[in-house]
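Per-chain residue numbering starts at 1, and chain names A, B, C and D are given in the order in which the chains are listed.
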Amino acid sequence: MTPSSLLPALRGIIPPIITPLLGRDELDAAGLERLIEHMLAGGVHGLFVLGTTGEAPSLSYRLRRELIERVCRQVADRVPVLVGITDTAFVEAGNLSRFAAEAGARALVLAPPYYYPNSQPELLEYIRRITPELPLPLFLYNMPTHTKTVFEVDSLRRLADIPNIAGIKDSSADMIYFHRLIGILPARPDWSLLIGPEELLAESLLLGGHGGVCGGANLCPRLYVDLYEAAAARQLDRATALHAQVMRISTTLYRVGRHGSAFIKGLKCALRVLGICDDFLAEPFHRFREEEREQVRASLASLGITRDHPRPSEV
Amino acid sequence: MTPSSLLPALRGIIPPIITPLLGRDELDAAGLERLIEHMLAGGVHGLFVLGTTGEAPSLSYRLRRELIERVCRQVADRVPVLVGITDTAFVEAGNLSRFAAEAGARALVLAPPYYYPNSQPELLEYIRRITPELPLPLFLYNMPTHTKTVFEVDSLRRLADIPNIAGIKDSSADMIYFHRLIGILPARPDWSLLIGPEELLAESLLLGGHGGVCGGANLCPRLYVDLYEAAAARQLDRATALHAQVMRISTTLYRVGRHGSAFIKGLKCALRVLGICDDFLAEPFHRFREEEREQVRASLASLGITRDHPRPSEV
Amino acid sequence: MTPSSLLPALRGIIPPIITPLLGRDELDAAGLERLIEHMLAGGVHGLFVLGTTGEAPSLSYRLRRELIERVCRQVADRVPVLVGITDTAFVEAGNLSRFAAEAGARALVLAPPYYYPNSQPELLEYIRRITPELPLPLFLYNMPTHTKTVFEVDSLRRLADIPNIAGIKDSSADMIYFHRLIGILPARPDWSLLIGPEELLAESLLLGGHGGVCGGANLCPRLYVDLYEAAAARQLDRATALHAQVMRISTTLYRVGRHGSAFIKGLKCALRVLGICDDFLAEPFHRFREEEREQVRASLASLGITRDHPRPSEV
Amino acid sequence: MTPSSLLPALRGIIPPIITPLLGRDELDAAGLERLIEHMLAGGVHGLFVLGTTGEAPSLSYRLRRELIERVCRQVADRVPVLVGITDTAFVEAGNLSRFAAEAGARALVLAPPYYYPNSQPELLEYIRRITPELPLPLFLYNMPTHTKTVFEVDSLRRLADIPNIAGIKDSSADMIYFHRLIGILPARPDWSLLIGPEELLAESLLLGGHGGVCGGANLCPRLYVDLYEAAAARQLDRATALHAQVMRISTTLYRVGRHGSAFIKGLKCALRVLGICDDFLAEPFHRFREEEREQVRASLASLGITRDHPRPSEV
């Protein structure tokens, strides 16, 4: 069995879906449906459920399962659904992986266990132990700011002999690292190399990456899809112009609020302002207060983003 | 209701109990019983279940509950049992707190949610939201190397108006911070101020702290209890000599192995060598291989620690 | 007076010249001449003396002055010479700036004072105080791994009203930061935005940067010049191919040796192997021993780099 | 030649003298005299010139030499003078060491070169190369927050064979590290183990340290001398009470201002308020503005510190 038999190599924009909530343990089910259709209408190539942007670690296991079920049912295989199973406990990660497979997910995403700092040998052994137990192809998720443990390039090179690893999602924001990752591809041409931060999407695609897990594609899916397609067509000037649009969003909308949580809060708030879903956040976060919401509304207006035209207007 | 009505102010040595395992989801129940009796025989003043030393985040929720039940039943209120409920998900922390209360635990221990870095306002709001839902007195657990979020002294000062907070466990290893914590005590004389790293136990007790959550007390409970009592009796020379014993353990036994996990691995391995319990570790860790086990055995011999004489011999 | 009256906007490759040494306080004068001619023959657009790659902080002030004089005399204005004046002491930075101006340098490069961590208000005040005393246009040098202080984007935006600032050299390796820097350019279209790490040269040029301060251009000047020209001509495929060459150098030659100093050591060693200059390094570094030198020699051979053909062969 | 032939083992309080300035390159010579006499009157056991508290890296070399000369002349061997020679350039450190010896200093203090991060092998080689060139006994200065390089305990253990090393000044604020340093003393009983942060003075002295390099002793010399003497006499309760006084200073006076520089700024400001010397600071710092000066004045008043009674009043 190889990943390719289960999942054709992923290319394109796979948004990390925010989790619409009405309360800390209650999904905004109607908002979730609208959000999924909003993204699919924008042409996204997959959906990633239960990532960092999706507040996965803040959600109860019950709600995580409900979310997986609802997303898989609503998407109905129009695009592949990827499910984050990152967990500090090996057993719980395995449990969720089986649930996801039964619900119809097509791949899993796993960051290192994130309470204890891990050494590279410990990390390698962890991956070697868990991959045989997983029922779906796996993306390794590099997210050192949150997990404390980096997947070193040499470690990933060693893991290239594991068949059901399907690729890497790199959210380190370290482009030198990303360029070194590309050097692994000759050993695993079937891998997909996806980048996290959308501000780095253009260069990653122009220089060898395969796609992006862009939080902003919850809001403006077509913009990121267009950027992917421009890069795939080697249209440098168009890609540069679309990258500038991404930077306009990044330097306005994501900079309301002062803390590290500003990105998720701003994104959820914008989706609420557009009427797509609620903006409740699970602890330890909380939604923007009225003052920040006004700034988000003003930011959307200045960008020209509306529900009917969910992308920045040309400048 | 104040904490003191439920729990007299904690003073002394409250070991963070390691979790004896036979496999990643199987308790070493007989070993657990021996370990508890070993520590109680050494005079410890409480037991802390599901801490960092106990590998809590690596255990399935099912196993966490089994552990709580077994420890509470075995201890049978001979000393208070504290239960760690730290979780990235608010709902799961609450669930575990209720289970612990029903099982007979006397207090809870909570570090900040540890996937996302938290700002101080977010942390304060989190604590204010969760404390009313907890059925037992709460110790705040400062562990920034693992949680990324520090409880700043000014934040703790603000939280002093919450009645069911019973104290602080500080594992920051930052003694300047600890001395500043002591400055909060006039506002909350009922709080217990406990220190994590056993290498700092002597000075914390001599200069105003109330006790220690010493991992080494799994192995040598009487040593730490003696140090507590010497400090409480203001016997400086005796406390200094016992501190030197603690440093001998720290600079030999805990330094087998090269990674951050050396402390837990060394402790479990030593308990296995003494025949107290198994040394299986849950992922992402794994037990010492034979080579390191030999070093642990040699280290125990050079320290003069045996099961019948579980403390370093005088030098 | 504006910088443009003294220095046309810098574009292209401005190598940070390594400092050829025969001993800790003795220049390799003949090697320095050969190195300068080697780089000028490769078409570089400027030379940056006394940077991080040049071991500036490790050199005596006497030697720093001798170096400035020799480089300026040898270059004789064929390209502009930039001189690093970064210093923990304000007075010494000023002294060196005047010496450089008299020797014929065309611009200065200044990182924050690097012993104490600086707050942004302190950094802003420092820059506002020192710029009026400098006799040449100034590049601000962002190098937080070594200086501990970042030039935050908002701080640079505030400094845009200082006329004799001519641009920014960013060695943070943080491309999101770099893209945000580009957002300052509308306020200062005369600024040059130069990137440090050569692994990021391609994308910085493709998406709005103006040039690179590439250490590797000491060895293979034409490669980086070609990459600059390809990007300037918007030739995406050629730029991508040249970027891959840069990555081949980066992942072989710069990875001999285990410490952070591997880059400088590898570069100097390669120049020595090619017969261009000596490879002595000032303390706290020291040149590669024979074993590492053999690895460098093998790496050069596998890349196909020779003194007559100082660039990787096509693959 | 051994250090002991030049310098009896240092014990006690050796304040890191602040550098009184009238301008960025002008000493406040009269203030310096008053400050020295103020400290000697308080019973200090030595003086440390050109440390972190003394703003050494921010001063021109000319001023550093003037300062060394003036301090040595004024002290006239009433206590030993130690001179900081930390420098990024080996040659400049050597130059200053010879100047200091000729001026009458009794020992040198050296932190690692602090621009480049150093590996431990590089650090060891650096120390082995520089010690033979130094004309006076040397204290190694551990200050990783500012130098980026820690003197690992194992490295110091290896350096114990160098005769003219006389001790260690540890400003890491890491008491576990400090306790491990004590374990080196059997190999070098002649070494002095001095602690930097005054908040840790009490415990370091009670548990095996030899003295403190306390910035606060510029202001309240007798307080720290008394604490040293109480600990030396094994008077635990008195040492605890004096430690509480130190914490009162630390949590009020040193917490005016928001940046890392608050300690030096607060100390200089307090000395100015008491009329001892000017409070000018060299770049990158600047003296407190009027608002902060008022807070310092209020803090001194609440502590009961006056020029005639330079220590906190009993509470």
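Following the convention adopted for this analysis, a contact is a pair of C-beta atoms (placed from the backbone, for glycine too) under 8 Å apart; a residue touches a chain by one contact, two chains touch by 3 or more.
Bear in mind that the values here come from a model prediction, so they are computed numbers and not experimental data.
*Asks:* Compare the CA centroid of chain B with every other chain's and tell me the farthest one.
*Replies:* Of all chains, C has its centre farthest from that of chain B.
*Asks:* From the mean C-alpha coordinate of chain C to that of chain D, what's the distance rounded to whole Å?
*Replies:* For chain C versus chain D, the centre distance works out to 36 Å.
*Asks:* If you average the CA atoms of chain B and of chain C, how many Å lie between those two points?
*Replies:* Going by mean C-alpha positions, chain B sits 50 Å from chain C.
*Asks:* Once the touch criterion is applied, which pairs of chains come out as touching?
*Replies:* A-B, A-C, B-D, C-D
*Asks:* Residue numbers of chain A touching chain B in their complex, please.
*Replies:* The touching residues are 24-25, 52, 57-63, 88-92, 95, 112-119, 121-123, 125-126, 129-130, 145-146, 148, 258-261, 282-286.
*Asks:* Given the complex with chain D, which residues does chain B contribute to the contact?
*Replies:* Interface residues on chain B, with respect to chain D: 173-176, 179-180, 182-183, 197, 199-200, 202-203, 206-208, 234, 236-237, 240, 243, 247, 250-251.
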